[in-house]
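First chain A sits with chain B, and in the next complex the same chain sits with chain C.
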Partner chain A sequence: MSEPLLQVRGLKKYFPIRKGVLRRVAGQVRAVDGVSFEVAAGETLGLVGESGCGKSTAGRSILRLIEPSAGQILFNGRDIRKLRAGQMRLMRREMQIVFQDPYASLNPRYTVRQILEEPMIIHGLFHSAAERKKRAAELLETVGLSASRMDRYPHEFSGGQRQRIGIARALAVDPKLIIADEPVSALDVSVQSQVLNLFADLQKQLNLSYVFIAHDLSVVKHISNRIGVMYLGQIVELGSSDQLYEKPLHPYTQALLSAVPVPDPEVRRERIILQGDLPSPANPPKGCHFHPRCKDVMDICRTQAPEWKEVEPGRFAACHLYD
Partner chain B sequence: MSALLEVSGLTTSFLTASGYLPAIEDVNFTIEKGETLGIVGESGCGKSVTSLSIMQLLSTNGKIRDGSILFEGKQLVGLKDTSMRRIRGNDIAMIFQEPMTSLNPVHKIGKQIGESLRIHRGMNKEQSQKKAVELLKLVGIPRAEDIADEYPHRLSGGMRQRVMIAIAMACDPKLLIADEPTTALDVTIQAQILDLMRKLKAEREMSVLLITHDLGVVAEMCDRVVVMYAGKVVEQGSVRDIFRNPTHPYTIGLLSSIPRLEDRKQRLSSIPGNVPSIELMPAGCRFASRCSHATQRCADNEPSLLPVTENHQARCWLVDDKEAAV
Partner chain C sequence: MANMMADSPTPELKQRLAHPPTKVQSKFVRVLRAYPLVFVGGLMVLALIFVAVFAGKLATFNPDFQFANGLAPDGAPLAPNHTFIMGTDDLGRDVYSRLLYGARVSLEVGVFASLISLFIGTTLGILSGYYGGFLDSIIMRITDIMLAFPFILFVVALVAVLTPSISNIFIAIGVLGWAVMARIVRAEVMKVKEFEYVQAARALGSRQWRILFRIILPNIMAPVIVLTTLAIGSNMLLESTLSYLGIGVQPPTPSWGSMLSEGQQVFEYAPWLLYYPGMALMLAVLGFNLLGDGLRELFNPRRVR
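Showing the complex of A and B:
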């Protein structure tokens, strides 16, 4: 097999907690605490988890939009953490991001054309304004919007259309990898399905790779080839999306899957209701981070963190049940 | 038996630069005692305006222009503020979507829960505080005594929503209006809250009006469903009718655009286009521009709610055609 497009190894991002007049570091929030995964060309890797599990921080750290604390990020075999600012900017042509909020992520004072041309100008892609305009028009058509509307402002578009503009902007520089951070969670279901289909179509046409970050398991399952489930800064399980759904290994994945309401009044799923709330990532529980809420907790879980290992071919989990 | 709540012909308008524009028009539904009715629809369809109209909590530029709201046979439309205040928080209670902003940050939890007890039940501070602790226990909050003495910022989103439910439960309401009660919560916390609401409803024979955009939540919680689109009810029926025999093309489109966990990867169907804006409502069927079955008749005339079966109606000419064909 050829080398994966993106390899993330032991990625960590700690945010310091500062206290007192001297702003001394009093502790660390371990937002991302040792995350590893690979994404092949043309593949979609989903990252799911609840608020505060570190999925967005992980996504942004990969692009170095926030500087990771530790770990390796290899893109096409090159460690991008070693790149200087200028080199990094060049690298960002290959890796782009689509944000959650289509209302906040577009500059309200720019026309759609300016929004789409800005990345081309930054990366020096086209030399004449006419060429850039042609490309902007192409991009709009690609994402299913009419090119005749490119001189309008973002507020003249609906939420779903704005998200299409956000996607077009990411595509403007012909990236290989797109990190999509909750790209459909602000949208209504009927519009959400349009945007999900657009992601799928673009992937086929342009052989894009996605890291698709979302909290909605059914959305992630739909779009992803493989899924990593995150809990308190760590991936607790990783596997193909069908395997993960049919036979979840980690008790947290099991609980998460069972909690999704089924849109069918006659299906009653056995539900595992987790007790309590997510612990703080500043002070995670000892041993396995999930043990205080786990239905299968054993003595060893309270003291010893489980190892991340391949339980079945292609399926990884960190849980003492599979020791 | 007469219904607990009977809403008929309800039209609520908002004053805008171009005059009064209706956010909801001619909304009809009933809620029986002990029943859970779901109102579903996408953003801007008028589901929240419907609930705020019942509570008469509309912002100052909003006004009920027409229709009636009968609660236990009593007309709520046009009721004086003082009389409405006696019902609100007492017979009808409401929980909101945003547990982060719907609690007062400068008052302790116990005091906020006790407020309606002091107002409606004439309890003194001590009695209401004691009852507040009981209510916190009822909604499954650990260390209830300590939490009653805390401020809202100390609690997580799920815990705050439990506190909101405790406030709503304080006066044993006959009707609970829950407006997107779990939308801001994570799915495992949502499961906890829905479970709690189901338990409380069964124990107290309370009726619930559940407003949500999530069809999964509807399928799990509701007895009957009202589907709204662009300010109008487009279909209503039992939960089984809606999920097994959806009739309005909008309901069908909505149901088929949800990604489902059990499905193998395939293309999602979606509804093309967007909801028409409130200023430019078409004369005919409001869904016609996005509907694959639309005919000239749909563009010219708006259908009324036509009966599909005895308790199942849809606002669509297709129902009429089917009947004519039989």
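Showing the complex of A and C:
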């Protein structure tokens, strides 16, 4: 296989906790604590996890919207953390983001056309206004909206339509990678599937790669080739979506999957109920971060953090059960 | 004909039914319809500007001339009559002419002082709100000091140092009056910069100035505009306060504040000396306030349909 489009190695983002008048650093919230994965061209990697597990922070750190604390982010083999501001701006043509909230992600003072032309202006993609307008119209048609409505303001569109506009904006610079940060979580279920299908269609047409962040397992399964499961700032399991759903390795993944409703009243499935609350990422448990809530906890889990290793070909997990 | 009606609509017609062409009405007209008081406020402000600009043409007399026939035999000011339509003051000057010229001073001080405050306050507020951290702490502590100080005392001191003149008055008011503006701009910037459309602009590779001035600034304009128009009104009042205290516009130049100040000494038997400048001041401030409310709506793309 050729070199993957995106390689993330040991990505960390710690937020300092400041206290007192002098604002001394009293501790750190380890929002993302050593995350590694790869995304091949044309592939979708899903990232799932509870709220607060650091999946959004990870997504934004990859784009340097949040400056990572440590780690490497290789895009086409270049470490984007080493890029200077000017080079980084050019690099932003390659990687884009689609946000969760379609109401907050579009500038209310710009018309849809201005929103779509903004990226072209920033990167000097077209020289005449007519060309930009033509491109904006194309983009709208691509995401399934009528170009006749491009002189309207975002508030005149519904949530699903706005999300399509957000996708069109991301496409305006012809990116290779799109980080989709819970792009359907704020939408109605009926609209969710339409937008998911749009993502899938665009991927085929434009050979895009996605990092698809979500907390809804059925959404992620539908769209992802591979899935990474995050817990407290770390990826605990990574594998192809079929394998992962069929036979989850990590006890946390098992618990998550057991909570997915099955659309068949006859099927009784054992639910694994997680005990206790999500620990604070400012003060994570010693050893394996998951051990206080794990059903298969062993003595070693309390003292030693499990290693990240390939359990089966193409399947990674961090759990002492597979030592 | 009936047959044609039964036909399924053409795609073109479908398109039109889905998006009926809305009557294109300029936003300006729509705002006026929805908020008629804006119109009133706007007219009042326009009238004020008109009076200030054409005071020389509209005035019946030289505002500073002390008429020999402008006082009653016992030395009292004359009540409004055919010659002096708003009466005369205790020096025998024409109140009507002085009122017109006074509009110039009020407007000049109100507008320029507010513009200076607007510029300083917006600049500091944006820097403070967007960059945060140490810069924010410093700017906000200075703002706290400005707000904690008795404002009038501050202005009085500064005007006294600068020597009173119209330009020094608006400079003093403007340079000292930015604190509230800075606070409000900072709060708005802090709110707006967290919106995902600002993140999106960064993700698209916008430069900082583009984010600050093309994305954030337009989104904080509504409260800034409202505050500025309100500030014009209150700065006009402040000018009259200063003139009333005797450190504003120096005699014989007429200003509404100085007219009030002179008039209150004789208002028991010449109440028109308070009525007219007081009324003018009230209407001018009211006009700016009404206009400010309307502008907020004009700048809101959502409210007016």
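The rule is short, and it goes like this: the second predicted complex is superposed on the first by the 322 of 323 C-alpha atoms of A that agree within 3 Å, B and C clash if a C-alpha of one lies under 4 Å from a C-alpha of the other, contacts with A are read in each partner's own complex, and residues count from 1 in each chain.
Throughout what follows, contacts are C-beta pairs under 8 Å (C-beta built on N, C-alpha and C of every residue); 3 or more make two chains touch, one makes a residue touch a chain.
Remember, it's a predicted structure, so these values are computed and weren't measured experimentally.
In the model built by aligning both structures on chain A, chain B fits alongside chain C without clashing. Looking at the shared chain after the overlay, A:221 reaches chain B, while chain C stays out of its contact range.
Once the two structures are overlaid, the count of chain A residues touched is higher for B than for its counterpart among chain B and chain C. In the superposition on chain A, A:90 contacts chain C only, with no contact to chain B. After overlaying the two complexes on the shared chain, residue contacts for A:39 are found with neither chain B nor chain C. Using C-alpha centres, the superposed arrangement gives chain A a vertex angle toward chain B and chain C of 80 degrees, stated as a multiple of 10. Look at A:58: by the touch rule set out above, it reaches neither chain B nor chain C. Judged by the touch definition given at the top, the superposed model places A:173 against chain C, while chain B stays out of reach. In the superposition on chain A, contact of A:249 is made with neither chain B nor chain C. For the pair chain B and chain C, the least inter-chain C-alpha distance in the overlaid model is 11 Å.
Those residues of chain B whose C-beta lies close enough to touch chain A in the complex are 42-43, 156-159, 186-192, 194-195, 213-220, 239-240, 243-244, 253-255, 257-265, 267-272, 274. Contact residues of chain A toward chain B in the complex are 50-51, 158-161, 188-194, 196-197, 200, 215-219, 221-222, 241-242, 245, 255-267, 271, 273-274, 277-278. Residue ranges on chain A touching chain C, taken from their complex, read 60, 63, 65, 88-90, 92-93, 96-97, 99-101, 104-109, 118-119, 122-123, 146, 148-149, 153, 155, 166, 169, 173. Across the complex, chain C meets chain A through its residues 15, 18-19, 195-197, 199-207, 210, 215, 218-219, 301-302.
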